[in-house]
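Next up: some structures, all given as structure tokens.
There are two complexes below, and they share chain A, which is joined by chain B in the first and by chain C in the second.
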Partner chain A sequence: MEKSKKKAAHPLDNLLRTDRIPHIWCAGCGIGTVFSSSLIALQGSGIDLKKTVMVSGIGCSGRAAGYVKLDSYHTTHGRAIPFATGMKLANPELNVVVFSGDGDLFAIGGNHFIHAARRNVDLTVICVNNLNYGMTGGQAAATTPSMAKTTTTPMGNPEQPFSLPLLAFASGASYVARWTILHTRDLTKSIEEALLRKGFSFIEVLAPCPTGYGRRNREAPLETLRLYQERTITRNGAHPTEATLDINKGITVGKFFEQDRPTCVEMYDRTCRPSFSQESA
Partner chain B sequence: MKYWRIPFDVDEIQTSRGSVTIIEERCKGCGYCIAYCPRDVLELSDRYNAKGYRPPAVKKPEACVNCHYCEIICPDFAIFSEELPPDAME
Partner chain C sequence: MKPAVLTGEHFITGDIACAEGALAAGCRFFAGYPITPATEIAEHMSSRLPDVGGTFIQMEDEIGAMAAVLGASCAGAKSMTATSGPGFSLIMENLGLGICTETPCVVVNVQRAGPSTGLPTLGAQGDMMQARWGSHGHYEIIALAPDSPQELFFQTITAFNLSEVYRVPVLVMTDEVTGHLSERVVVPEASMIPIQNRLRPTGRKDRFRPFQPGPNGVAPMAIAGEGYGIHVTGLTHDERGYPVMTAEAQADMLERLTGKIRRNLHDIIRTDSYRLEDADIAVVSYGVSARSSLAAVDEAREMGIKAGLLRLITVWPFPEEEIRALANRVRALVTVEINLGQIHLEVQRCCGGKSPVFLVGSAGGTVIPPENILEVLRSV
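So, the complex of A and B:
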């Protein structure tokens, strides 16, 4: 193959800070796939990338902000959503994408998540869920399945995990979906939809963390993908209460919910500065 | 191409063809592209890159249908496909 010899340009190179590639994510880590799918969606959606920002918190997934060649912010732990909200309020023209992990968005930043969803802040929130705290050594997180082994639950996790789609739905998110990294096409389409719509859109993406979670639960990277392949059931429109995430009962994926309602900025303008919203209308 | 049921319009439909490129120095050898290419185009190579990973190699270039699956599933931006004119390989 002549081609692999000369310096080949990947079609996403124009959206990557290529001087930082290869990235730090481990071999087989699913974050890279979610990231690549997000970049394809950004490219395909046709939105103005000069007016698009990516905001991440802390953790392995939080590194994404450092690899995307857009305006991007690597913020403090758990605070991606408040930074993103601030940006959106200050400049409502921006397309604001939050790309972060389950620990950052739902444990440390859990409160920010529910309130941004409640207010329907116009954000696209992509959450890489790898079921544990990968960066710090594979500790149990708010998403770790019951009985799963982590460094802090060597006998199995005695707790119940959050159901992220249900939490997002109950908090008021106006778009809720869950995919795995195996569902590349659905995932990319979902992110594109979320980018193009108004309101708080939430997409959970299950992704292997072979170094943290995988190693302790006997899941080699390809084994995790096989589980996704065998155990996922696509049910678009399923009620979020029925979206299971259980190796034995099955993993429900799909676009669960979409309903337009006024965004945070629209409600604020309408209520608190009616003259302003009439001028700009 | 192998079918489980021959479509009626198989003679009229042109399957797209692709050419797949591997950026070996970016690869981390996870094998996702090899395992999930729907046309079994790729295999593990016998080479190691500078980081000590074994990148994939193209086993059946003519079988690639340019579906881009490998391109998205690859967590490392190390593989992509490009469209070839339909008769490029005949």
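So, the complex of A and C:
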């Protein structure tokens, strides 16, 4: 007879597809921390989880949608945001969370990101920024620091990276924050805030990728965390132009910007179908 | 505010008829991007969707439009986009996602001459093979080819119904000439329009397998927010919707995706026969070219040539049986289309050398004059 082992239930089990664990993320990867912060925030926010969906693109972070026990959609590379836009507009009652990586959201999906921010689509966008393409083995991304080594920049990255908070702010996002995986309490609180507010919310989370990025840039797994500890400066309310991300000059984290403005659906209702929005109000 | 179904007689373009057909079919979400000669569909939807509580959004490109269409469908709305050549190319990426995730929606292609920017304001039928194979990987698709504004109205409804029943994106492959042609369009009473909706799951939510096929090979579809906690992915997945990275899972999934179409050809394929009963030459055509073909057949008959027309209303899946049957009893077939031989290749394949197949084609930018077809009918 088989002995059935009784495992203690994990407090997040109700939000996990436990039958899909183990996950694919490498040892030392930061995505899991962002993922669990997101789940804790989802649980703590009190929002109706049956009406909550997670949409991901492609890449390591994109696999999150496959592990979360919500209605979850793992879409095409870069297209999580327009897919999520369609969901939110077709059923505004849904809480729509986009969980994806920097390559997915800001290179191939960059155009969709800026337009969704401009429209103020009511989405919570969580971007795990590990400074490179992890899934394909560590190539340069739109976020890779200048001179950093990757498999496609073997002599160092000749290009300059995007500042994601500045891009989000300039595009019209109504909530902009940046944390690292060492700032789990701030991060969780930030995600919870974003879930509970209306409009396009963007949270960048710096996360180590020892397999893809770290080993080519003399950053052992713990070394990256030490850098987060030593070089980050929390500056809530800092203007996004001052949100530096430079290992030598310092990494600015915090909730940089928050402003209420009508969402995409609210403006559409007001402008195009006032009688319908009155009926539903 | 106008109702969804504008019962009555109208004198409207094909593009407008298409949009009205979509509304009558229950379309409540449109995402698009302006492109000649499909722009009027987006414009019309932007003014009409609010009438019926629907949503229009002009996206940043056709990639985003197709992604939004799929997202909206997963959230429960019947959704559509409309485009032309260059936009159709951009749609191909997420068309594959729609096929793989079995998400119902309708994509209209008002074809113009290509390749590339080509002749934006002039018609063609050059995207027929792209409609069949344009997204990557192996799959089955449904594509319809209306030949008039009236048919654009009805076929757009049929496209929505087929997409809902078979959980597959359905392509309406019209062309610039039909899209911009103004003709009489009769819209029936709403109660006379057959509407089909995706099958929804019943039973225990925790035991639901979102991709387990039902009796007709199609799985019931749970929509977001219903509490099923489904996972939907463009990765190869099993009946639970979970990714499985094996050749066996790939084979099983392709069997589901292709089988639901291949086993229901009788329900999906629609053709129209004209004077074929005693014909010894069969013209095979579709869309606007079928109108030229019809005129040519009538003229040929007056000259004593026993010609007939098989008009393909469903182009994909290809009406193989109908073509094979013709090949067994006529002495020649003639394919007429505004490209240099696309559906022609399929006709040749189905004939299998049993009868010769001639092409009356065109590089695009103009309809094929009946004289060109008649010339071939006379020389065969």
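By definition in this document, the second predicted complex is superposed on the first by the 275 of 281 C-alpha atoms of A that agree within 3 Å, B and C clash if a C-alpha of one lies under 4 Å from a C-alpha of the other, contacts with A are read in each partner's own complex, and residues count from 1 in each chain.
The rule is short, and it goes like this: contacts are C-beta pairs under 8 Å (C-beta built on N, C-alpha and C of every residue); 3 or more make two chains touch, one makes a residue touch a chain.
On a predicted model such as this, the values are computed, not experimentally measured, just so you know.
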- prompt: So, A:L222: does it touch chain B (first), chain C (second), both, or neither?
  reply: first
Q: Classify the contacts of A:I31 with the two partner chains as first (chain B alone), second (chain C alone), both, or neither.
A: first
- Does chain B (first) or chain C (second) touch A:I40, or do both, or does neither? first
Checklist entry - Now for A:L131: first (chain B), second (chain C), both, or neither, which partner does it touch? => result neither
Classify the contacts of A:T188 with the two partner chains as first (chain B alone), second (chain C alone), both, or neither.
first
Note: overlapping chain A surface for chain B and chain C spans none
Seen from chain C, its contact residues with chain A in the complex are 1, 28-29, 31, 50, 53, 55-57, 59-61, 63-65, 67-77, 79, 93-94, 96-97, 222, 224-235, 242-243
In their shared complex, chain A is touched by residues of chain B numbered 19, 21-26, 28-32, 35-36, 51, 53, 58, 61, 69, 71-78, 80
Within the complex, chain B is touched by chain A residues 1, 3-4, 8, 10-13, 16, 21-23, 25-33, 35-37, 40, 181-182, 184-185, 188, 221-222, 225
Within their complex, chain A touches chain C through residues 17, 19-20, 50-51, 53, 55, 65-66, 69-76, 79, 82-91, 93-94, 111-112, 115, 268, 272-273, 275-276
